[in-house]
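These notes concern the structure reproduced below.
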Amino acid sequence: MFETAIQTFSSPVVLFFVLGLLAAFARSDLAIPEPIAKAMSLYLMAAIGIKGGVAVAKSGIDGTVLSALAAGIGAGFVLPLFAYAVLKTFGKLDRINSGAVAAHYGSISVVTFVTAVEILTGQSREPGGYMVAVMAAMEAPAILAGLMLARGVGSKDASVGGTQSTGEMMHEVFTNSSIVLLLGAFVIGMIGGADAFEPVSPFFEAGFKGVLCLFLLDMGLIAARRMMDSRSITWRLVVIAIFLPVVNGLVGTALGIGISLDSGSAATLGVLCASASYIAVPAAMRLALPEADPGIYLTMSLSITFPFNVLINIGLISAFAAYLAGVMP
Amino acid sequence: MIETVTRKRIEILADKALQGRVTKAIENAQITGWTIVPVTSGKGREGHWREESVMGTDKVFVLTIAAEDKAMALAEELAPMLTNLGFILSMWDVQVIRGERF
Amino acid sequence: MIETVTRKRIEILADKALQGRVTKAIENAQITGWTIVPVTSGKGREGHWREESVMGTDKVFVLTIAAEDKAMALAEELAPMLTNLGFILSMWDVQVIRGERF
Amino acid sequence: MIETVTRKRIEILADKALQGRVTKAIENAQITGWTIVPVTSGKGREGHWREESVMGTDKVFVLTIAAEDKAMALAEELAPMLTNLGFILSMWDVQVIRGERF
Amino acid sequence: MFETAIQTFSSPVVLFFVLGLLAAFARSDLAIPEPIAKAMSLYLMAAIGIKGGVAVAKSGIDGTVLSALAAGIGAGFVLPLFAYAVLKTFGKLDRINSGAVAAHYGSISVVTFVTAVEILTGQSREPGGYMVAVMAAMEAPAILAGLMLARGVGSKDASVGGTQSTGEMMHEVFTNSSIVLLLGAFVIGMIGGADAFEPVSPFFEAGFKGVLCLFLLDMGLIAARRMMDSRSITWRLVVIAIFLPVVNGLVGTALGIGISLDSGSAATLGVLCASASYIAVPAAMRLALPEADPGIYLTMSLSITFPFNVLINIGLISAFAAYLAGVMP
Amino acid sequence: MFETAIQTFSSPVVLFFVLGLLAAFARSDLAIPEPIAKAMSLYLMAAIGIKGGVAVAKSGIDGTVLSALAAGIGAGFVLPLFAYAVLKTFGKLDRINSGAVAAHYGSISVVTFVTAVEILTGQSREPGGYMVAVMAAMEAPAILAGLMLARGVGSKDASVGGTQSTGEMMHEVFTNSSIVLLLGAFVIGMIGGADAFEPVSPFFEAGFKGVLCLFLLDMGLIAARRMMDSRSITWRLVVIAIFLPVVNGLVGTALGIGISLDSGSAATLGVLCASASYIAVPAAMRLALPEADPGIYLTMSLSITFPFNVLINIGLISAFAAYLAGVMP
């Protein structure tokens, strides 16, 4: 535990995130230009997609991969239900905002995933390459679940967002730029395989961690600024933004060990369940559920859950996975 | 001296993600064109926002120049979005050259 | 037909580094909001400038819509900066929907 | 109360590559300055365009504030470009502080 | 042939281009921020220029280089004449637009060149480093030829574009940012030579193919969107946008073999002749011939000829060069 | 001397700077997009900070490091006084502009520093890694000294800039984005040490010189354009912009040798004293002294002193350091 914490806090990736948080809290004018932040997020999606695709091309698709995929997709549909219930009762949010926030917590954060992989690899427990496929598969289901919850399944809704047909909604969800790029790069990686990717690996692999440092610097800046500006966040929502990742992380990890994943992969499934989206889902919500308040869902996922996961929860989940793997060998 | 005619210039501040709804309304009002101007941050009753293209919180100004009747029709069509989606609309008279274009 | 009311629209060209002084003045004038539009270059009596974000020579347009009295109060407060810091201010009447917001 | 004077504000939508022709015309009209605002996309009778800086299809707004006579002289000089090069021009009255600058 | 196609379609560079095309056709909101796209194009120019300059510094300038240069420049002046005739008669374009389009087809596309070099290198037929010099030399002549055709040689033209003096026009063509950067980097590469460039090679060489992937993703997006928006394109122009690269490619390849270039270099000369500019020439045209319609010249060169060249024609030209080299050893 | 000049002018970094100058003088439209320029400057700050931090983590902080730090900070406070006197008397500037310009010359230019390190390393006289710490420590003192000179120490100033409290002013100086990033990355480098940085070194180290090439291309473009547009520059200011770096460079080098630094580190201290800031200080001045004219301080530091230092003065200082080190062994 303690060692893990040390490891976490000597990782440059985490240190740059902390630098971003501190700089924003000190009201520095440090800022990454918007087009660069966007380009870094696209780069990270492409690089992760390719890496996963090449890994799956090498390993093939076997029983483990299929059961991990099924577990991930299942969690993507079920976790928003639990989150919705908590948000509506304890959190006192209305239906639309509960559904929107639930979608974020059911879906995944690519950067949290990557940070977890970094940290687990540092502990010689690198998760299977197929976990990228699991992650990609977990992006969309929660968006659909959250939208149904927000709109009331079956009910005809007269609100502005509701005038959109389900077909349009599905189109917008599945053509969302992050999802297209992640899946597209994954398929490209599978088609090309390791040989084809050797020439581009200096760009997509060697540069990856450095870009991640600067991206996390920016996320630290944005998360802290958003927290300082936030008006819609109550203490109840803060509690939920810590409670959900803890519970979802434990559930996901146990599920992973339960379907016999190695401890690194199980921890990664836990992290995926614990993480809340702040790239793909907000973009989809802005289109499909514009009445929901970004001041709530972005502040919870980006300003509270994300730092909590990166700084603390990944360490907890990793320790829990190691413990479970020891108990049930 | 060159001849000018009077038209309405309408400016709508909208979420970039929802820009398509505004331009669709412009086309429904049979206005010939529109132009998008970027904006980078702002503050209103709902607090402060900044352009964060990674999370999709960007906004834009949609500008369009049209004859008064079409302008009012557009304002009418956009009115519900102003309330529900937090858009802002302002308009004023401008002189244009070659008014048949608008 | 939809109802509109008349408000002043004020536009201030200011150094990005000093944007905060303008928005503070807007808040002091109890105006509800403002929006920032980027600008990329210009020329005036002091010569040519270009957006050079590395050196911090950027400028921005600060836009705000307000009732006439508040607008004039804002202009009054900004007047010294127009002279000392090379800001530019122009304002005109616009029609807005849901005027209670401004 | 602070004193304001009335000036014309002229706004020209032009290709970025041809921005220099517009600013040259402004200088020919002996107007003291101009400011460039970026635009990112638009639609008109010639269809849809998007800012594609690699291919150089970008456009910009050139803004300038001037006394009425100079503004009309500028409009006169720009008129042929409006037709041949697809530029758009609109202008309206604004109040400015320290009107001797414009 | 078939093998070449397979090779083409397992290259990550080509696959990212296809991903861009598909994403745009599916109306995804995927987009590369404008400043990034521009920066990638500048990076590619600088990297190619340096590489060519270093290659020529190593090899020196001999008879082969000089005859390849002469062939390229000659083609740059002659090909627009043929293109102009086809565009004006079969294509039914007016004089100004015929001249503008002819300039694009006579000039070259840097990215098509680079893609061809990738593919030929994959077939162990890497063209000579001096071909970069040939490419650079081919950028400008066709612009001049096209402008003369568009304005009617010698005639005093009263149009707005025509008010510009020839001196101004030449200045704008030769100070065009892509031409300045490509040539400037070429000269820098020649001055510095291989030793001086070793320290910057991780940036300009190792990163090159990865940047090319993302740039082609963007070109795929833009090409497809432009095609879907296009209003000015007739079936006649579509035919020409396929016909010209085929004919010019065959002519250029034969010319290359004729002046005794190795088969890889000859194929590259063919690709240069076949390719149509969509970076340097449109920028120059916007200034020097603003009455010409970008909806015609950009749609033809970027949305039709470029994908045709990348996906099909490079393979054809490469096979043709191999065939000719075999016949005439 | 002559050899040094050759070395300087075959360095790709310097050649790209010259290309930028030439392109701008030829009125080419070549331009690096603004967000990219800003991102490159942030990248360079982060990379230099990390490198320095890792170097100090390795070497530790000993007497040499401490005396170099003290010499740098001392120079940061003293050099502006001399500059202010020259600017006010010979330069005929008013108090505010004299103070603003003095702050620029007392502070340092990160890019000049990096270019000097490149050139010295090429001569096998790489300065100590702790010089990054010296550079970072020299950024702020001159800003404070310059502001005090501009405002008249102790006097209550009624100007707009003067309405700002000293506390606010200090806050703005120390939360300036370049200072935060440089120091933050330095601390991150010290915490992580060499091991932690191995994974990010392809991004921050291998890519460094290439990014520096493109950044200097941009600085060349901007410096030349600013010079051509400049209206406020008199011949007296041009003389000062050459005179100050020569004198400050000699003083700094002698100081370095005097406190027993090796000849490379002493030359670097000389270059730091000779260089004038054009990133951190202008940004701080715009906030803290908005009445000062950027047309004066930026044109002097960026358009005259920076090219003079890069193209000539680094060579002179390096030769002087070698000479002194020989004389006083």
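For reference, chains read A, B, C, D, E and F in written order, and residue numbers begin at 1 within each chain.
One rule holds in what follows: a contact is a pair of C-beta atoms (placed from the backbone, for glycine too) under 8 Å apart; a residue touches a chain by one contact, two chains touch by 3 or more.
All values reported here derive from a predicted model rather than from experimental measurement.
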Query raised in the report: What's the rotation, in steps of 5°, that superposes chain C's Cα atoms on chain D?
Result: 120
Query raised in the report: Taking each chain's centre as the mean of its CA atoms, how far is chain B from chain F in angstrom?
Result: 46
Query - Where chain C and chain F are represented by their mean Cα positions, the distance between them in whole Å - result: 35
Report summary line: Chain centres from averaged Cα atoms put chain A and chain C apart, in whole Å, by 39
Requested in this report: Pull out every residue in chain C that's touching 2 or more other chains.
Outcome: 37-38, 40, 53, 92
Report summary line: Shared-interface residues of chain F (touching two or more other chains) are 33-36, 38, 202, 206-207, 283
Query - Pairs of chains in contact (touch as defined earlier), listed by label - result: A-B, A-E, A-F, B-C, B-D, C-D, C-F, D-E, E-F
Report summary line: In the complex, chain C touches chain B at residues 1-2, 4, 7, 9, 23, 32-38, 60, 65, 92-98, 101
Requested in this report: Could you pull out which chain B residues touch chain C in their complex?
Outcome: 13, 37-45, 59, 61, 72, 75-76, 79, 82-83, 88-92
Query raised in the report: Tell me, which parts of chain A touch chain F in their complex?
Result: 9-12, 15-16, 19, 22-23, 26-36, 202, 206-211, 213-214, 217
**Report entry** Residues on chain C engaged by chain F in the complex (per definition of touch)
**Finding:** 15, 17-18, 40, 46-48, 50-57, 80-81, 84-85
Report summary line: Contacts from chain A onto chain B in the complex sit at residues 34-35, 37-38, 41, 159-160, 218, 222, 225, 229-231, 278-279, 282-283, 286-287, 290-291, 293-295, 298, 302
